[in-house]
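Here come two complexes built around subunit A, the first alongside subunit B, the second alongside subunit C.
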Partner chain A sequence: MVELAAEKHVRYIITVEKVSYSIRKLTCCPDPLPQYLQKKDAFESVVMEHLRMNGAYWGLTTLDLLGKLHVVDQDEVISWVMECQHESGGFAGNIGHDPHILYTLSAVQVLALFDKLNMLDIEKSVLEGQISAFLVHDDLILIHRAEKNYALGLRSTLTLYSDIASLQNEDGSFSGDMWGEVDTRFSYIAICCLSLLHQLDKIDVEKAVNYIVRCKNLDGGFGATPGGESHAGQIFCCVGALAITGSLHHVDKDLLGWWLCERQVKSGGLNGRPEKLPDVCYSWWVLSSLIMIDRVHWIDREKLIKFILDCQDLEQGGISDRPDDAVDVFHTYFGVAGLSLLEYPGVKAIDPAYALPVDVVNRILLPHD
Partner chain B sequence: MDSNEEEQKIPVSQRPEWADVKPVPQDDGPRPVVPIAYTEEFRETMDYFRAVYVSDERSPRSLQLTSEAIHLNPGNYTVWHFRRAVLEALNADLHEELDFVENVAKENSKNYQIWHHRRWLAEKLGTGAIVKELEFTKNILSLDAKNYHAWSHRQWVLKALGGWEDELEYCHQLLTDDVFNNSAWNQRYFVVTGSPLLGGLDAMRDSEVDYTIEAIIAHPENESPWRYLRGLYKQDMKTWANDPRISSLCLKVLSTKTRCIFALSTLLDLICSGFQPGPEFKAAVDDLQASDTGPSDSGLGETICSVLERIDPLRVNYWTWRKSHLPSVTV
Partner chain C sequence: MAKEGLLCSEEEAYDLLDQLEHILDHDPLIDEVGFIHPSHLLVLNKEADATLVSSDIQELDARMSSELSKCAAPKGKKAFFWNKDHKLGVSTAYLLPLYKAVKHKFMEALAIYKMHSGSSFMNENLPGNVAFSKLENEVMRHSRALLLLSSDFGTAWNARKAVISNKEDFSHSVELLVSALVLSFAPKSENAWSHRRWVIKRIASRCDTLEEILDKESKLVEKIAERFLWRQERILTTCVPPLQKSKMNYRAWNHRCWLISYMSSRQVLLELDTSRYWAALHVADSSCFHYRRKLMLQMLADASEQQDAVACSSQLRSVRKFWKDELDWNEMLIRRYIGREALWLHRRFLSVGWVKHFGANEQNPNGEGEVNNHVKVFMDYELSLLQDCLNVPESEFEDVQSQVIHAASYMLRLNWEICSSSGINLNQKRRISDLRELLNRLCPEKSILGGDIIYYASP
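Entry: the complex of A and B
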């Protein structure tokens, strides 16, 4: 059987333009870039530019799962991430763009990967005038950022918490931004984000859970809104949010487990809805849900591993949605994360609810001495 | 925007009406990083967009510029948001805006921003938007009958504005086109349980059961109607297990001896819910056993699981688990 071309995927990620905030700083990438990378699909770049924060999360998490997070310039990444933060506290997909909760979670996850969630606390302390306490960190980037905020008189950078909390609606649902699009994706994002920041008490968790439960369907799955069709991506969001809030008793595990394992098709791949084509991304959405409800042994592990590995570009690196399609960083992440959930050798364990490496989640959530 | 197509090909920087605006370039951060390979047209359009956005210029030319920016990249939240601010400031004709969205949506029907914008428009227009919105989603669904955004929008229109009259018939049409369309089955459930015109699930159950059974008999391998059928009884397992139409359906499908995973699993569920199968069920299941195994001595539930373990090897662990969790009173 084909094996995981881990080295190739690492190289693909650190060279792909979509997450190229720090290519020149990378130890193993030539400077200037090879020709084929310089002019790579311009359209994709345009479409991707507003969601670079997501790309950063996908790429960096994949690197961490493969044990290669150290090859990127951490300071460079953190600096860029913090530049994307807005006065409201939320993060944008790129510098100069508007904040959206989709990017805020990615930003928090990236900070978590580098054990830098304290960036947010540090800013608070600086804004309260405790510059001396801050200087002991001896970190130029932090100073740069903090000074800038201080100079601008931004007194509430840490309103990130209340920014997320303010997106909760009366019925317990969450909007993605101040303009109001409602979706259980945003429930998951808000809950995951606030949990990583130890701030779940900032929202009405009971109402949030009740809204998610209202989105449960006759097949045991969940949709984007009450009455919306069950979809594996939405199921991940709902089950993930219920797992984080300790509310998995609302899930009909046997019914949902069966629906989820019915998503495996003959090729071994998983689809997201009945009669749809398999796609590597569902190796994450379906598998993580199955693990959270303790039913992952109901699918054929070996066949799924083979399907994911068959989607690799064995020459240039990267993983695609289906065998022989073009690779991208999104599917590379979901493929490697799926293999992680399947305990594939050489890949670090990922947490199915927080979508971060288990050691990162433990570092944040386990009590310290 | 068609009349402006020629004009759009002239770079913004060379148009006289933009001469007074100083473009604002993308700030890629405090340190030199490798820039994304923007096209020249995209870069320039966005530079001018940032200029009017920063100065908050809510003018006709700003509106025109957002059209161009959206055509170049319909996924930018900021551009859409600013466009709404401009539309409001100009008191623009929102019906014209619906046409603009329809144009963009044709090529980007899975873009979240477009649907959010459409929702905003429909909210503004109120019940006057019902017919157009139902027609719009119908058009998108005629290209991709499972488009999640279109279904979400359609459900929102029905719930918030109304227009339920022909919805059940629409579901039927879609299922006639493709009875495997899970989205259409989901919508059918949405209508049967939510339409103020139909009297709710209790009033609709009988006719829906008949409708669904017919669909299953035509395609017994179709997962969606089997789940729909079960859903029609909600938590009332007893009524479900005692409805002779359900067990008869299982028997009828099993007698065809092919593609019967869902018939077997439904029969298994019925037995687990207290259904007492007659000898004809045992005979039908025994017929599905591998040819080298004779009639089984074990209970029917166990035999069903054994057959499923064999014919559905991907999910062998699920069926084994089912076998180990059969109620002890099972025949």
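Entry: the complex of A and C
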């Protein structure tokens, strides 16, 4: 069996990140493009600029899982991420675009990878320090000024939490942005973000859980809205949200496990719905759900590992959706993440609910002294 | 990609954008866009020129046709666009500069629009209003062109929503056309589908009946779900091009499922009726069968919610009859189209639902024995269907093998969902273990179906 070409994948991700970095630095005016963009897929990469935030998360998490996060310029990435934050508190997919909860999650995850969630309330902590220092010196004027700044700083940081919370609807569901589209993916994102920020109490968790349960189908799976068709991606979101909120008792584990393990096809790969071709990205969605409901032993792990490894580009690096297709960052991430769930040697463990390396999640969630 | 490459001057790019927006303004009924290789575009335009010259009979608007030929050949030879019968072809040669030009224009217009919206500028005297509506038009014009090049550019969709929200008299049908146009080349565009829902919700809040709209939406979903695109080349698809051939479009069918909540009982029946023909032509489209399942559950709910007892039981009787017909129809399809997972999954739903909702024979509503007898008759019938499907000579053909696998797992599933829960002993122990063995042999990766689940999951 071929092995994981980890070094090649790292190199591939770094190249793509460099290209993307140049793309996101391109202003709106059509300057002459750098040389490497004058190739066939240049247009395709440029028109993806609106979801750069997701791309950053996929690429950087892959690097971290392969133990190579340190090779990127952390300050550069973080300052770009913070530039994407909208005044409402949410994040955009790139500078100058509208915010959407899909990008907010990626931004929070990227900050979490670098242990920089405090960027979201940096002013708060700095100012808190200042106030206590001034208190010691009993300097009332300075305290007053610091308190004023503190209030301002707090307001800008609290907007992220309140922005996410404000997207919750009467029925417990979540909208993706102010325009009101509803989807269980947004429920997951809101719950995952707020949990990472220790702010789950900002939303009505019970209502959120009830809405997700309403999206359960008779086949055991979950859809985007009540009545929507079961889809492995939506199932991951619903099961993940239920796992984070400690509500997995709402899942019929055997029924859902049956549906999920029927996604494995002859080649060993997993598909996302009946009658579909297998695809590396479902290694993540199906597998993480199976782990969360404790049914991962219902699929053939060895065959799945082989399928993922067969999707590698052994020369240029990167992983594709199916053997011999073109590679991309999205499938590279899901391939590596899938191998991580399968405990492949040399890949860091990933948390099936938060979609972040386990050590990152522990750092954030485990109580520290 | 053409040798002339992607480079063209800034000025040329803006000129191209002008032409594109001009075409879109002058032919508001364009309903399909495709991206065409320059050499092919040249051929298409030559044909078009020929017909233009030879057909005075067509009485094309003279101004229009001269505009068009100007668009088609701005520098005499090179062609960038092709426009005929409300179809638009765009050359793949200069997409990148065109995209950058339109994005620049759009972002600029949006920034100015945002600066002035919400300010007194829009509400005051008439000249101000005129200027503001000009700003709105700019945003609408550039966002439309931008979305043709980047269908999931969320900020552009949002800008349209913002403009429309401020206009009382806006024609929503225009907006449905724009999103349908984007879906014509990007059928999976999440933003385009979501934009439709936003528009439909607005329409629904203003008028009582959506019947006509719902009907149109259903047809659109079917059209998109089965579309074989007319264009020669499609370089715009940035996400999962290989799946393009697969007709199952989750977003499209999701949209249709979403519409159910707006339907009257009468429309639910109508939809069941019309989608049946489509489903029979696309037996591998699991999404379409899911849609039918949702409609059937809605029909059942509508019947059960009837206040009047007589009406309720008569409606339930017709649901029962419908359910039985669906079972028969599904069996016919299963026998005709070998090895279709979608059909077998549909049967799981139908069988479990049949036993659950109609298992207690109406004539014998009391007596457990009677119920079980009824269920047993049903299960016996299913076993004979299974037997027929297993009694095929072993074959290397994949669909024959799949038929055996799906039939066997179907039976294991019924055994699990119906028999274990209703306490029926099928006396089929031997048969069940045979099925398990069979599955183990045919698809070892599904070891769970061959073994554990029966023991593990049985209550």
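The rule we apply is simple: the second predicted complex is superposed on the first by the 311 of 369 C-alpha atoms of A that agree within 3 Å, B and C clash if a C-alpha of one lies under 4 Å from a C-alpha of the other, contacts with A are read in each partner's own complex, and residues count from 1 in each chain.
Everything below uses one rule, namely that a contact is a pair of C-beta atoms (placed from the backbone, for glycine too) under 8 Å apart; a residue touches a chain by one contact, two chains touch by 3 or more.
The shown structure was predicted, so the numbers you read here are calculated from the model rather than taken from an experiment.
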Task: Give one word, clash or fit, describing how subunit B and subunit C relate on subunit A after superposing.
output: clash
Task: Classify the contacts of A:K207 with the two partner chains as first (subunit B alone), second (subunit C alone), both, or neither.
output: neither
Query: Taking the superposition as given, does A:Q264 touch the first partner, subunit B, the second, subunit C, both, or neither?
result: both
Message: By the touch definition at the top of the document, which applies to A:G227: first (subunit B), second (subunit C), both, or neither?
response: both
Message: Output check: A:D325 vs subunit B and subunit C. Expected answer is one of first, second, both, neither. What do you get?
response: second
Query: When the two structures are overlaid on chain A, which partner does A:L277 contact: first (subunit B), second (subunit C), both, or neither?
result: second
- prompt: What is the contact status of A:W298 with respect to subunit B (first) and subunit C (second): first, second, both, or neither?
  reply: both
Task: Identify the partner contact of A:K348: answer first if only subunit B is touched, second if only subunit C is, both if each is, neither if none is.
output: neither
Task: Return first, second, both or neither, reflecting whether A:W80 touches subunit B, subunit C, both chains, or no partner chain.
output: first
Doubly contacted subunit A residues - partners subunit C and subunit B: 33, 38, 40, 42-43, 46-48, 50-51, 96-98, 100, 177, 179-181, 218-219, 223-225, 227-231, 257-258, 261-262, 264, 266, 268, 273-276, 297-300, 303
- prompt: Along subunit A, where are the residues that touch subunit C in the complex?
  reply: 28-30, 32-33, 38, 40, 42-44, 46-48, 50-51, 92-93, 96-98, 100, 177, 179-181, 218-219, 223-225, 227-231, 254, 257-258, 261-262, 264-266, 268, 273-277, 279, 297-300, 303, 321-322, 325
Field: subunit A - residues contacting subunit B, complex
entry: 17-18, 20-24, 33, 38-40, 42-43, 45-52, 76, 79-80, 83, 95-98, 100, 144, 177, 179-181, 217-219, 223-225, 227-231, 257-259, 261-262, 264, 266, 268, 273-276, 297-300, 303
Statement: Touching subunit A in the complex, subunit C uses residues 1, 5-7, 10, 13, 95-97, 99-101, 103-104, 107-108, 149-150, 152-155, 158, 161, 194, 197-198, 201, 235-236, 238, 240, 242-243, 246, 248, 250, 253-254, 257-258, 260-261, 284-287, 290-291, 293-294, 340-342, 345, 348-349, 352-353, 409, 413, 443-449, 452-453, 456-457
Statement: Residue positions on subunit B within touch of subunit A in the complex are 26-34, 36-39, 42, 50, 72-73, 75-78, 81, 84, 112, 116, 119-120, 146, 148, 151-152, 155-156, 159, 180-183, 186-187, 189-190, 194, 223-224, 227-228, 230-231, 234, 313-318, 321
